[in-house]
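Labels run A, B, C and D following the written order; every chain starts at residue 1.
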Amino acid sequence: MNRLFLPDTKPVDTSVHGFARAHGSLVELHESPLFLTATAPHPDRRTALVSGGGSGHDPLHAGFVGLGMLDAAAPGRIFASPHNRQVYEASRAVAREEGVLHIVKNYTGDRINFGIAAERLRADGVEVQRVLVDDDLATENHQTATGRRGTGAALVVEKILGAAADTGLGLEELARLGDDVVAASRSLAVAGRAQTSSSRGGEAFSLAEDELEYGVGIHGERGAATIRRPALDRITEQMTTELLDGLPDVGDGVLLLVNGLGGTTPLELYAVHELVSQELEKRRVEVGARLVGTFVPALDMSGFSITLTSLRPGWLDRWQAPVRTPAFPCTEPRS
Amino acid sequence: MNRLFLPDTKPVDTSVHGFARAHGSLVELHESPLFLTATAPHPDRRTALVSGGGSGHDPLHAGFVGLGMLDAAAPGRIFASPHNRQVYEASRAVAREEGVLHIVKNYTGDRINFGIAAERLRADGVEVQRVLVDDDLATENHQTATGRRGTGAALVVEKILGAAADTGLGLEELARLGDDVVAASRSLAVAGRAQTSSSRGGEAFSLAEDELEYGVGIHGERGAATIRRPALDRITEQMTTELLDGLPDVGDGVLLLVNGLGGTTPLELYAVHELVSQELEKRRVEVGARLVGTFVPALDMSGFSITLTSLRPGWLDRWQAPVRTPAFPCTEPRS
Amino acid sequence: MTTIDQDRVVRTYAQASHTAHDALTALDQISGDGDFGDNLREGLDRTVAALDAADGASATEVAGSVFLDEVGGTSGPLIGLLFSEIGRALAGTADDRAGWTDGVRSGLAAIQRVGEAEPGDRTLVDALVPALAALEGDDSWTGVAEAALSGAAATAGTRARRGRASYVGERAVGNPDPGATGVALLFWALARVAEPDSGLGDIEELVPVPTDRDRAG
Amino acid sequence: MTTIDQDRVVRTYAQASHTAHDALTALDQISGDGDFGDNLREGLDRTVAALDAADGASATEVAGSVFLDEVGGTSGPLIGLLFSEIGRALAGTADDRAGWTDGVRSGLAAIQRVGEAEPGDRTLVDALVPALAALEGDDSWTGVAEAALSGAAATAGTRARRGRASYVGERAVGNPDPGATGVALLFWALARVAEPDSGLGDIEELVPVPTDRDRAG
């Protein structure tokens, strides 16, 4: 029925088991309801960080559970929000003296399920705050109240807040920092081929060989526009321009995330990274940190997103702070 | 012309620049001829490790240059061997007192170009040995002298030899260890969709929705057989059986590598990992170490390979030894 | 103890969800992903099964836990919040009207706190707001049901500002919101039990399956 | 100084690679990836350009470096090894025959060391082995060329055991190996220069473009 290599029944469950088996020293698996917790979080943490969302965007979020990032993550079915009970139980399992901060990508289902979990946690006397990640510039002008979608900036928020939480920051301060990081982050994505539909098989939407979906979402929502595909350097130039226009002051430099949407090769992603870096150089925008890889995909979609975060004092240190999770790269030479 | 997001001219060059820019603390870029060297290799190394091969299999090999793995890598054009001069200059740049060990995947072009580089190095008085990686079981019974192709085991060889080289092992010992690891390693790959052709665009070969290419290569060589696609657990069962049949004694356990071929999601790879682990459990084969991810792809092919290495005393320690490269995961909690 | 039999209300609602299933599915196919009919029916069937197993439990409280803990989608947990609040309110009073009114009021508040929807956004809220107003006034139970149903029907003229439907915009206009329609049926069931002879219409006529032309959108 | 003008041999070879380009390309399309004609012609053109620039250099040594350092594919560097060894041998002797014989011998050895092909594997080696035997015997230069050409022609009956062609198996049988054919042309050029009047045939007749039927494979 489809070309994804997934078991016929309970694909997410099987996969999560294989994930926990592969990373047993970093994460612990909890079943019914399904969630993962960090085995060895930083002892100084006073506020727990919990996230979650639909599956198919892996390694987000479970891949970032561990030392220096999330305390727990709740994976939903493919492209569907986790159930509120998953979020509730995950939060109960990891809550600390200052409570729990929920990191939520801006989709209705996620907002509602995290919201209900928060209601229940508060009823239990657990303090809860939420950071809503809404970085996708392509959904900026929707005439609706749904607002911008949450995409690549989720990773930036999880890393920076993770490091901050490890210093013992309280719930309010963390929530404020999270809001600030979100406000300073914008993303844009393009696709040359839709992801494989996990239910029907085949491409979730179809594009001709010479077409490009500009401003695509991470669930196969079609983009803001279907355009004739320009050369790669024209695409990256336009995306860089729009991102910088959408961002507040970048005087202290930016963090650059070049993210694959699933079926995009490192060869392509590093080429995109080079071209975007050249664009930023032309505009004299300093790049304080860079990350290139497939971190927030839309199953196996062929395409990429660019996220820029306008840096504020202290954020770079948090971004570079030590981390041990299944998926966040730790590539710096040991000192 | 095609759906790969690559610059129209010099795609590999642009990408390698973007790669070096992203990992400047770990790798140094050399141009004309093109190769990468480690900025901070282990001081105890007495034999340099050099590899290389066609591009499109990234992160192999450049992603494994750095502390604890390769001293240098030479990237060829897409799916084409690097030129002998790249290998020669890379080897000259990193050669140590004991000389240089070449890690070569078994393809004619690579054998010849590394071979010529070795001739030239020897003419210069540099000692050279070669480890030929030929793990692909699907090419076992070819009536030719080309032998088994080299695929996923290259990563295993690079990691184990890297750790061994860091202890100051000599050229002969390293070459012997490399040959042993290769002899103890077998791989098999399947694909549900071919990679995008980098020259023509479109799928490099075509499969119907319900077809599976069994025993596929990493350049879009068609597999040993095109079969009707069975359920995932049947595929993993058959692959596990064939791999164990093709391996020497596994009494000391195995190292399990589940590798994506490019367009395969973590969700799928971890599901495969779970199913293969269950098969191994059934047969009472102990898994000493596991690695799941996209390490030796065929551009954006949708599929996966499984590599098993029958462990020998000491190999596990080498596999788990500290490493800092752009792409080898270091996910274990710090002690 | 209140006098309107909660258990009968919930079981009547469950039957209604079977009758209306195809219409609700079709409506969610137009504006969403087509699973609302399943979500509602499954939640109510599970509730009935739980009630059969645990005799004497508060039906609305049981429905609340089932929807909150076992039903997916956007609507499942929201309906769970509504039932939980109704259950809590009914447990604390002997006055049916006060219990339902307080329960719907705090259920609506929880739904809005969590879902952040305003009236007119084309959501559940558009059935609950008129139902609450009618409960707070001196309408009959049948009047409350009619208020909920006409609130739901009025969503046909609106564009979604919340939920999945906000992405399809214009295309859904002309058909009512599935969630609002489904929630209105709770008040229909309440009226059927409280005022069996009031002449309130049948489900088939109140919630027609949209025509194919509509469905093609 | 040897008496056969190396420079003229290499330039004659370069012309031959132009004449034979389409045939060599077609042959590599049948058994490989179709770039052999380009690789050979490009390498020789670059050599000629280098010779034009640096007067007086040893033509075979220059060809050796150009092929080794600038030509891709499997054949480029192998042909580079051959030229380098010939250049080295010719530089060390005044005897043409001894120089070419030693050079081809050590070039063949290097090619086999590096490429690991045996005679009969359908590679360059199948042109070089008979050429070397003829050089070592008392054949004329023309006899050497004929030996190389017929060695290359005989590959048409063999299945590749080495290189890319080994993956297509049967399909290439019936046409000669492009690499062996291309290398035989070196000896053709040598004979043309050493024995201009020997009556050795022209390229067009010795290396015909395979017919379309063949090319379809």
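We adopt the following convention: a contact is a pair of C-beta atoms (placed from the backbone, for glycine too) under 8 Å apart; a residue touches a chain by one contact, two chains touch by 3 or more.
What you are looking at is a predicted structure, and each value in this text was computed from that prediction instead of being measured.
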What is the set of chains touching both chain B and chain C? A
If you tally C-beta pairs in contact for every chain pair, which pair wins? Let me know. A-B
Distance between chain centroids, defined by C-alpha means - chain C, chain D (Å): 84
Can you give the whole-Å distance between the Cα centres of chain A and chain D? 57
Distance between the centres, which are taken as Cα means, of chain D and chain B, whole angstrom: 34
Intercentroid distance (Cα basis), chain B paired with chain A, Å: 29
Would you mind listing the residues of chain B that make contact with two or more other chains? none
Where chain D touches two or more other chains at once, by residue number: none
Based on which chains are in contact, what kind of graph results: line, ring, star, complete or other? line
Give the pairs of chains that touch; include all such pairs. A-B, A-C, B-D
Interface with chain B, chain A side, in the complex: residues 1-8, 11-12, 14-19, 21-23, 25-26, 39-40, 55-56, 58-59, 63, 66-67, 78, 192-193, 196, 201-202, 209-210, 231-233, 235, 262-275, 277, 290-292, 294, 297, 299-300, 302-304, 322, 324-327, 329-334
Counting only contacts in the complex, chain C reaches chain A at residues 68-69, 72-74, 77-78, 80-81, 110, 113-118, 121, 159-164, 166-167, 169
So, in the complex, the side of chain A touching chain C is made of residues 77, 80-81, 83-85, 108-109, 111-113, 115-116, 118-120, 142-146, 221
